[in-house]
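Next come the structures, one after another.
Shared chain: chain A. Partners: chain B in the first complex, chain C in the second.
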Partner chain A sequence: MTALIEAESVKRYYSNASWLQRLLFLGGSEIQAVDGVTLRIEKGEIVGLVGESGCGKTTLGWLLAGLEQPTEGAVRFKGRSLGNIDAETRKKVQLLFQYPRESLNPRHNVRTILSYPIRKMGHTATADITARIHSLLEAVGLSARYADRYSFQLSGGELQRVALARTLALEPEFIVCDEPTSAVDMNVKVQILKLLSDISREKGISLLFISHDLSAVRFIADRICVMYLGKIVEQAPAQQLFDHPCHPYTMALLDAIADIDPNAIRKASLHGQPPSPMAPPAGCRFHPRCAYTEQVGTICWERGPALQPLSTDHLVRCFLYPEVSQDPDRKQ
Partner chain B sequence: MVDRTSALNKIMSLLKYIGRRIVSAIPTLILITFLSFGLLYITPGGPVEALAGIFGTQEQKERIRQELGLNDPLHVQYLRWVGGVLSGDFGEMIVMAPGTPIAEMLRKPLLATFWLTIAGALIALTLGLAIGALSAIKPNSWLDSLSRVISIATYSVPDFWLAIILLFVFGVIFRYRWAISGQIDFSRNIVFSLQSLILPAIALGLAKAGIVARITRGELFDVQNKSFIQFERIMGLPRWVVIKDMLHNGILPIVTVLGYTIGLIFRGTFLVEVVFGVPGIGLFLVRAAKTQEYALLQTLVLCIGSVFILINLLTDILYGVLDPRVRS
Partner chain C sequence: MGDKLVVLGAVIVLVFLGIAIFGPQFAPYDFAQQFRASPGELLPISVMSTTATGERLLLGSDALGRDMLSRLIYGTRTTLVISISSVLLATILAIVLGSLTGYLEGSLFDEIVMRLIDALLTFPGILLAVILVAAWGTQGIEIGPVTTTPEMTIVFALVFTFTPRLTRTMRGSTIPQAHRAYIKAAQLMGMPAWRIVAFELAPNCLTAVIIQSTTYLGLAVFSTAGLGFLGLGPAEPQPELGKILARTQEYFLNRQFWHIFIPGFTISLLVFAFSVLGDGIRNVLDPEYRFEKADV
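On to the complex of A and B.
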């Protein structure tokens, strides 16, 4: 059975060479924003994608939404490459942008903003459009009064709801949600998470939920991918990941949110910033910050580990687990 | 119909906004009338000496004062002058062409300067927008670098210097008659006037195209990466709708520099007119100052000030039309 959407070893490299450098074959340097990601998302599934800022989450989201073309590899929607898909099917794959204020045209009111996709879906009668605008606003929990507001008159949560309504107007089957709760406070965050998961369940829409906020991902996702410097380092069902984190990076992330007492000694806390994706460390990309390197040995900076299954649905990329093993227990 | 009431609301708030802008321009306008009226008392000698000559007798001077109403209280004189201005009477010439109404005297120079400003602004606008848009489409390409060099080069040279160079090349080396005629009078000879307009307009426009290009490049570059434009793209909207929305969003700063640029070009005409011998406001201003033609000076100062107020007002109004945030 083919997944609804799947990425097969996709890479996205950015080159920052100027035309002069290219002309002189100087090359400049390359950013490996996404470096070989394989991911399948089934119909109706909510997959969480977590990782520190700059690790390539947005780039992966854009690749899956077809806004970026992969340098290598392919993204397929219902078995067909996103690169050469017809416009009709293309609309089924949508994206909620990271910054809601930037994602709504500041010169248009909500009515105009929503009427674009509604018209695009082939509804042209004024009465029809008005009715659809109202039902869309209702679906995202806003009253009809919002139709005449401009984006500068909306709060962060309201902006996100309007952006969602605009996306829903296109009747998508898959939505990439790029940090939809990063700009709002706690209450609104919970409301938006509820709204997203309700809509996904109700309409059977698959979501890729991107966030650096583990608690949000835990709330909404069925399955979670942890990303570090362009690579997925661990992938597991949500509950499994929180109960049995296997990759040292995941452990460190979980440790950071579990640690309420600031004076407690952290077992595997994260130090410093992630290295630049322009010059990723040799071997395992996490080794300079890893608490287990000494224990595992020189292999950590000699070779890059592969993403291996620990069980059927739990994958990890770490030399702590040397063989393809069916044993999900953590090595101590 | 909800749509119609919302459109009506939009127009009403726009009209209110325009009204507010016009009202708030009035104090500045009044200030300018004070300034231009006050000129009369600042200029050494003033009209009396200009008319009677430095060696005029005391009685002669007194008679002139009486005739011109200069013995009346200041506010009476001011109100009389403003009243005249409001009814289109700016006074009469005294020295250069005694008895000619200023309004008649100024019509042709004003028109010449007007056309020069418009032509210069058009050149600055089209060149600037084109160069800016080209480099925004392919940022960091060789085209972008080239246009950056051109932009910096053009806004580093002053317009009157460009004017002198152009005059030298086309007038002195190639000896084109139209290049040096300076005759811009569309009521007489349209083709020849257009030809005479070319070089001064290029000098004015080219010098300001660089600023417009840089701003346009920056704005379009920013806006084409904004998420709502990306969304329109993945939605598969027609290209012209996307471009329209890009322009609608990127245009405000361009409008701002445009207002500012037109002001600069208007100011630039004074010197460029002198270089090319165009009988416009610039040349007139110099002559009016030399001959102490005080009513003419007053009127010119008033006109120039009003032009700047008008440009600002139009910029503001355009802002309101384009940006809902400004008009609410």
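On to the complex of A and C.
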């Protein structure tokens, strides 16, 4: 069975080389924002994507939504490459932007914002459109009064709901949610998470839920991918990942939220900033911050570990675990 | 003080607009009718004097005996129609070109348009308009079935002069907007590019270009009159402020050199009023500029 959406060893490199440098084959420097990610999402599944800021979550999300073209590799929706898919199917893949205020035109009110996708779905009569606007607003928990508001009159949570209503108007099958709760306070966050998970279950919409907030991901996701500097380092069902984290980076992240005070400084197990993706460390990208490097040995900086299965649905990229097979993804 | 100046500018502009619109109703004579001071003599008639046939000419006549006041009224109308429509057309053209090139930044279309604009910008001031009007002539051009009026020729020439800078401004304010998430969101919904530019992008990028075009109104009056003064205005007997000014040279024959002040003062007043009004509009629309000015 093919997955609803799948990424096959996708890479996205950003180059800051000028055309002259490129002409002379002087590379300039290159950011390996996403470096070989393979990910399958089934119908109705909610996959969480966690990692520190700058590790490439947004870039991966944009690749899956078709807003970015991969430097290498392919993204397929229902077995067909996103690059050459018909417009009708293309609309079924949508994205909620990281900053909802930015993603809504400041000049349009909610009615105008929602009308376009509604018309696009074939509703043309004015009464039809109005009814649809009201049902969409209701679906995201807003009253019909909001139809005449502008984005500057809305709070962070309301903005996110309007943005969600706009994507739902297109009856999507897959939505990338890029940190939808990063700009709202605690109780609004819970409401939004509940809303997303209810809508996903109700309509069978698959979600890629991006966040640097592990507790949010734990609440909503069926399966979790942990990303570090452009690579997925661990992937497991949500419960499994929280009960038995296997990658040292995941362990460190979990330690950090185990603190009772959420504002407390992270434990020493994850010290420092992630290295720049412009000059990723040789070998395992996590080794300069890893607590297990001494235990494992020099192999950590000699070559990069492959993402390999520990059990059928638990993958990890670390030399702590014996290498099982030759994986084509192994080098770097 | 600044605000009072703006009000003064606005009042003067309104008065001139009134003259341009309703002028024909209260112009005392036809602008082409020739009078004589005494039978047989064709010389400029002095201010407040009476013609051989008994008409009183409030501001005298030009060298061909035509009533100065009537010519000023009709001339104001011509000058204002030419300058306002050239700024309006240039602004519309700049909004279309600037938003398209801004949205399609780096594309072949963008490259071609911007290089053309660079080429047009190498002509200083109204030199380009002078060259264009001189080349096209002031008689009107035949384009297929339609023949343009001489006024339209001048408007086209001025549009060529004003559009490049306005387009650059519009493109400059479009580029940062084009990278914002609401544009990405529109693309993701499958919105066609023309619709994105016309309904999502361009309406959010207009402030700068509108500010600039209002400051161009004074320049447009000055340029129109300048072309007229250089003999590149509308053909005779159509009056135009610059043309009227040029013809006052002939008063020197009659030792009435101060006649030059009548059209000269009118042009200066109009340019002054448009300039202060343009500055005022800019201060309202662009508060940052006001702060900048206050600092100096």
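In this text, the second predicted complex is superposed on the first by the 312 of 332 C-alpha atoms of A that agree within 3 Å, B and C clash if a C-alpha of one lies under 4 Å from a C-alpha of the other, contacts with A are read in each partner's own complex, and residues count from 1 in each chain.
Here, contacts are C-beta pairs under 8 Å (C-beta built on N, C-alpha and C of every residue); 3 or more make two chains touch, one makes a residue touch a chain.
In this text, all values refer to a predicted model and were calculated from it rather than measured experimentally.
Student: Taking chain A as the common reference, can chain B and chain C both be placed on it without clashing, or not? Answer clash or fit.
Tutor: With chain A aligned, chain B runs into chain C, so clash.
Student: Please indicate which partner A:Arg111 is in contact with in the superposed arrangement: first for chain B, second for chain C, both, or neither.
Tutor: A:Arg111 sits against chain B, while chain C stays out of touch.
Student: Touching A:Phe152, do we find chain B (first), chain C (second), both, or neither?
Tutor: first
Student: I'd like to know which partner A:Arg166 touches here: chain B for first, chain C for second, both or neither.
Tutor: After superposition on chain A, A:Arg166 lies in contact with both partners, chain B and chain C.
Student: Considering only touches as defined above, state whether A:Thr130 meets chain B (first), chain C (second), both or neither.
Tutor: First partner only.
Student: Residues of chain A touched by chain B versus by chain C: which partner has the larger set?
Tutor: Greater contact footprint in residues on chain A: B.
Student: Residues of chain A that sit at the chain B interface in one complex and at the chain C interface in the other, please.
Tutor: Correct list for chain A: 65-67, 87, 90-91, 94-95, 97-99, 102-107, 116-117, 120, 166, 170.
Student: Under the touch definition given earlier, write down the residues of chain A that touch chain C in their complex.
Tutor: Its residues touching chain C are 65-67, 87, 90-91, 94-95, 97-99, 102-107, 116-117, 120, 163, 166, 170.
Student: Quick one: which bits of chain B touch chain A in the complex? Just the residue numbers, please.
Tutor: Those in contact with chain A are residues 1-3, 6, 9, 140-142, 145, 226-228, 230-237, 245, 248-249, 322-325, 328.
Student: Spell out the residues on chain C that touch chain A in their complex, using ranges where they run on.
Tutor: Going by the criterion above, the answer is residues 180-182, 184-191, 200, 203-204.
Student: Mind listing the chain A positions that touch chain B in their complex?
Tutor: Where chain A meets chain B, its residues are 18-20, 23, 65-67, 87, 90-91, 94-95, 97-99, 102-107, 109, 111, 116-117, 120, 126, 130, 147-148, 150, 152, 166, 170.
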